[in-house]
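Working notes for the structure below.
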Amino acid sequence: MITAGLDIGTRNSRAILLEDGTKILAKARSPTGYDMTKVAQELLASALASAGLTRADIDYVAVTGFGRYRYEERDLSVTEITAAARGAKFLFPRTTCVLDVGAGNARASKVDEKGKIVKFRSTEKCAAGGGGFLEKIAFYSQVGLESLGPLALTSKNPVAISTVCSVLAESEVINLITQEVPLEDILMGANQSVVGRVYLTLKQVGINPEVTLTGGLVENPAFVKAFETKLGSKLNSSPDLYYAAALGAAYLGHRRLLKRKGVGA
Amino acid sequence: MQALRTYFAGIDAGSTYTKGALVDDRGALVETTVDMTGINIVTATKKAYAQLLEKAGVSEGQVAYVIGTGYGRYRITFGNTQVTEISCHAKGAHALFPGTRTVLDMGGQDTKAIRVNDRGEVVDFCMNDKCAAGTGRFIEGSARVLGLSLKQVGTLSMNSSNPVKVSSTCAVFAETETQEQLAWGNKLEDVLYGIHVSIATRSIGLLRRVGIDPEITFTGGVSQNPGMIRCLEEQLGQKLNTSPLTNFCGALGAALFAREKYENTTGTGRSAA
Amino acid sequence: MTPEETFSKYVEDSYTTFQTVKEWKQASGRPAVGYFPVYFPSELAHAMGFLPVGLLGASGKIPLDRATAHTQSFVCSISRSVFQLVLQGNLDAMEAIVFSNICDVARNLSGITQRNVQRTRIEYLHLPINNTSQTAVPYLRSEYERLANTLFEVGGVRLDTEKLRESVELYNRKRALEAELGMLRGSRPWALSYSSYYSTLRAGTLMPIESYLPLLERFVEEAKQVEGKAMDKIRVVVLGTFCEQPPLGILKAMEDAGCYIVQDEGLVGERWLGRIPLPQGKDPLTALAEGYVSNPNVLTVRYHPGLDKQQRILEKAREQKAEGVVFLTPKFCEPALYDYVIGKSALDKEKIPYLHIEYEESASSFEHARTMVETFAESILFD
Amino acid sequence: MAEAASSAPLSFDNFDKAKRMQGELTKRYFQRLLTAKEQGRKVGYAFVMANPIELFNVFDIVPLYPEITSLNISYRGGAPPLISLSEEMGYSTDACGYVKMGVASVTEGTSTSIGVLPKPDVLLLTFSGCQIYIHWWEQLHYQTGAEVLVVDVPYVRERDGKVPSHDVKYVASQLEESIPQLERVSGKKFREEEFRETMRLSAEAWDLWRKCIEMGKLTPCPMDAYFEAIYYMAPITIARGTQECVDFYRFLLDELNARAEHGVGPTKKEEYRLVYEGVPNYPFFKNFWGLFREHNARGVAATYPKVAGMIDTDSFRINPDRPFESLAEYMIHAYCNWNMPMRTDLIEKYVRDYRADGVVIHSIKSCRSFSMGQGDIREHLAKDLDIPTLLIESDHVDPRYYSEAQTRNRVDAFFETLALRKGGGGN
């Protein structure tokens, strides 16, 4: 039985193929852009190609992410919060807290043994509480998003970026740049500022180890480090966590499929 | 005194672009220049100044007075003094369009509405409060997220026949909202135009604070965006003054201030650096 | 037209044009009084010949450029939107507009409105918050007399005790029917969609009560007959919508996303008084004042010593067999934000799931809310 | 008018002793507050606007003003941990910073930069000028279990400031009704004589404070009626009704007179005379003041110091012979309890009476009570009256809402326009 999980995010989209609810067969990723139907189709095709399968081999498609309604041929849609929690639990079975940071906002959830969400919060929109802020900073400071993390890690004296509003925070960064504060210190400060907001959200659901980070920010080592420092403990990490929501969707799809078959038999 | 002409320079160190303008001793615009500000503002301003002189074929010794403006104005090491971009935009706009009574400056970091008198002096001004920040940067951000260039955004948005409503006041929320509109299947050009409409509405709110007296001159980088000009004109129900030069109003105003300053202080021993 | 169609016609009209008000005035030759939420003694205005009209904002139908010139952006949408309507002249049909002490924003709004209108009379009513004082009821009675005096100056008709008694009875009837509808939502939410329930209540803030009551009666009867079938949705109590009203879209998105809204605070001020007892010989104005002062129900914008809000929220959730509570609060609305903290700490203790979402009256996209609600429903339904 | 052209270089420090005296007075007050419980005293929480503190005096209840403790904590840079604690509890970034700090300060185990604040024995809810007060006290009630004593104060709703007689009666009778409650909380009997005496001292202090404020009419103005007055207004709030308070204002008045005589003031010279509206920015107070000081601008009148009481208008006078009524009038006429047209008129009057060059409105996001409608004040001043008016935004306690670069830009531009008006050149 093969289920597909598609995550159509505000910034990036992912696809996962899962066999029997246990084995990851293929992964694919790409920026979302503005044509969400197209990106979903392309990702699915590319995942299928890398697994050497065809569309007919897929028994069930579960879609998540804010563009979940743009893929018409879905069998199930779930929100990215539910999906990311399941994905995190799949990869790290002892997870109790999941932090899923997307471009626009961050979602913290507390999950039970089965991966079901007990409580969740999202960052207030009115705050630099998502990865999009870091993307902007990467742009103004003219370092690529990929190098932002590694460069920030070299900082010895991160500057505090105190403003809560993203609009003001951006001005503050530009102002720091004009004052020729070392770039790595600004970048680390920006990471810490997002961590500060996100931490507050996590705190609102109650922090319990183990904490698993999912979404695009797992690829930003400075964010991970700043977060671990704030937390005072390790985060679960693995490159697959980038795909957690797609994975979680595929997994939930598999469960649905079982249920359906069980009823049908 | 040698027979060489005297010049005056204005450097506008903005958040996105650094602009320069050079005027002669009669106050006529001689040359302009523009370049990305980047992360080193000192270098950027020096470079802009050098470029300006080179393009005009003028030597540094011929420039009698330099005024810096814009966010980076205190970082302009070679200037004689600084004036805020509010006064500079007013002066520059008035120089280009002497009938100007209201100036709308939309730049990368903020938007300003300025009321000026018949001499181009600032009578009243308002700047966006943060929660209503509708600036060029926002359009740029949306363009980047959607993988489009600034040019494409401006032109595409002009094709819209049925703009969607982007109602959030805050630029941060508006960004999410535009994507949601796409997620619900709205056409790209309609969403793009919706962004323009929403920023235009906020700017008009700002204009209303100072009062809308014709003629209105639209300055700053965004004045080069045809989509925004269309939106503003539609909503205001009147024409705006714009030209390729309105992008340089800040720098031009600074250069004109430099000339005035110099004339007021000649004989007092102050000279160019 | 079915009652439902009439109701929506009134609601649509109230966003910007107020054509129905103008027509009523033309036909009757009588004045209209607009009131800002949360509570207004409509009976009093009605008894003096006025058409009381609830002012709830333009629901995003107009750009707020003028309001933006006078107010900062951290002010809630309803205030800016009502102010925009005032400045544009859309509320010229009202002879008077009445505000009351619900929050600092509304209070200051009354003042700047006063400074910016010529024809309309602006009045501000102080509703007492001290229900333990011996003087509270006589005080409110004096306030109502003062209001009556203003309405007399504007409309030329004096307050008549007998008329007031009749008006109170009419409004008692309205509140009773609305309560019946609310109960129906609680017991069989699938039989009546939240949006049509809500439109019905909202039309009640706009229509002349004489024409509203018969339609309402018919509507309630018909709603009772609907069979319908329960769907797999969670039962939620929605709190926070007492003043600025959420766009219909957000409420629809919530129901689509898997909720039955079995109880809510939408337009709570209209329903709040319940029944005002009017025994023979009782002064109706005093009864009206007592109805407010000694009301044991919770109202976010009022503090009454001795009333346990936390307990009330828990009771509400239990009575309705709610599986969760959704705090749906207007962006920048401080009273709602403070009540949220008070409410959430009670729910935390009792381990009742809850969710907090913010909205703006003028919003046109509800994706964030939908995702939050869907997750909330998923977290309760899935295993 | 005569500039200070005297030959002897007079140091401003010689004329700046009242601030130190205020510092000591405040220190003594905090001392008394922080040790109140050990000394067997009761602590009553009260608001700055419109508090009948004279009643507390009679029962020896020590007042704690969370607004004042919060501003002191912010001034010392201690706000962020308290604000984030309350945001963890669920408060939004949009909620008033004072409330958030106040709530965090009474949370078990919290120590602030001025110490561990004593818990309330009674919460005096004098609801005047700010509706948030009721939500704040309600939260404290749920948090600490302390009883809430309500004195409901109606808003001044007529444009001409007329107050219906039933309002005064309502407030005065609630004050009288509160006496048995206060007796129960404090375990002390109400003594009429003592009440009259504290009212008398209060009236005396008010009178002196009014004279100090009105010194702003002089040219040059001997003080900064905004930035300095923020120090000077503390005693009238925390020590009203005592001899100590009267002595302070007598000293201050003498000092201001001496400044005027010698032509010294808080800036080198007086180039601009400004009227200020709005709550200041405490975390960046000196930096913020500096933006104006460097242009030699002096505040000649300001609305914020009037939150303690509108003594420079004839709206109230404390009268020992009509104790409850005159207290009620004082409470009704709190600055933020005035309707917006009245507030606008007052600012207009200040510009006229104090011959100001312009108005600065500092709008803070936290406080809708002050800020909502300031845009409309600006409209009136700038458009109808052609008074140069600057509106800037930040917050009073939350440093996250202040951006120096943005603020400086606006302030510098404002002075450029003022300079043009005065006929001078550029900056």
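Quick notes on this one:
Each chain carries a letter (A, B, C and D) given by its place in the written order, and its residues are counted from 1.
Here is the rule we go by: a contact is a pair of C-beta atoms (placed from the backbone, for glycine too) under 8 Å apart; a residue touches a chain by one contact, two chains touch by 3 or more.
Keep in mind that what you see is a predicted model, and the values were worked out from it rather than measured.
Inter-chain contacts peak for the pair C-D, counting C-beta pairs in contact. Averaged Cα coordinates give subunit A a centre that lies 40 Å from the centre of subunit C. Subunit B and subunit C have CA centres that are 46 Å apart. Taking each chain's centre as the mean of its C-alpha atoms, subunit A lies 38 Å from subunit B. One inter-chain figure worth recording: subunit A and subunit D are separated by 47 Å, centre to centre, where each centre is the mean of the chain's CA atoms.
Chain contacts: subunit A has residues 66, 105, 125-126, 165, 168, 171, 175 touching two or more partner chains.
Residue positions of subunit B touching 2 or more other chains, listed in rising order: 71, 129-131, 170, 176, 180, 183-184, 209. Among the residues of subunit C, those touching two or more other chains are numbered 69, 72, 74, 356, 367-368.
Viewed as a network of touching protein chains, the structure reduces to a complete graph with every chain in contact with every other.
For subunit C in complex with subunit D, the residues that touch the partner chain are 69-72, 74-75, 79, 101-105, 107-112, 114-116, 123-124, 126, 128-130, 132-136, 138-139, 142-143, 146, 301-303, 305, 309-310, 331-332, 334-335, 337-342, 344-345, 356. Across the complex, subunit B meets subunit D through its residues 71, 81-87, 110, 121-127, 129-130, 209-211, 257, 260-261, 264.
Considering their complex, residues 353, 356, 358, 367-368, 371-372, 374-376, 378-379, 382-383 of subunit C touch subunit A. On the subunit B side of its complex with subunit C, the touching residues are 129-132, 164-170, 176-177, 180-181, 183-184, 201-202, 204-206, 208-209, 235. Interface residues of subunit A facing subunit D in the complex, by the touch rule stated above, are 124, 126-127, 162-165, 168, 171-172, 175, 196, 200, 203-204.
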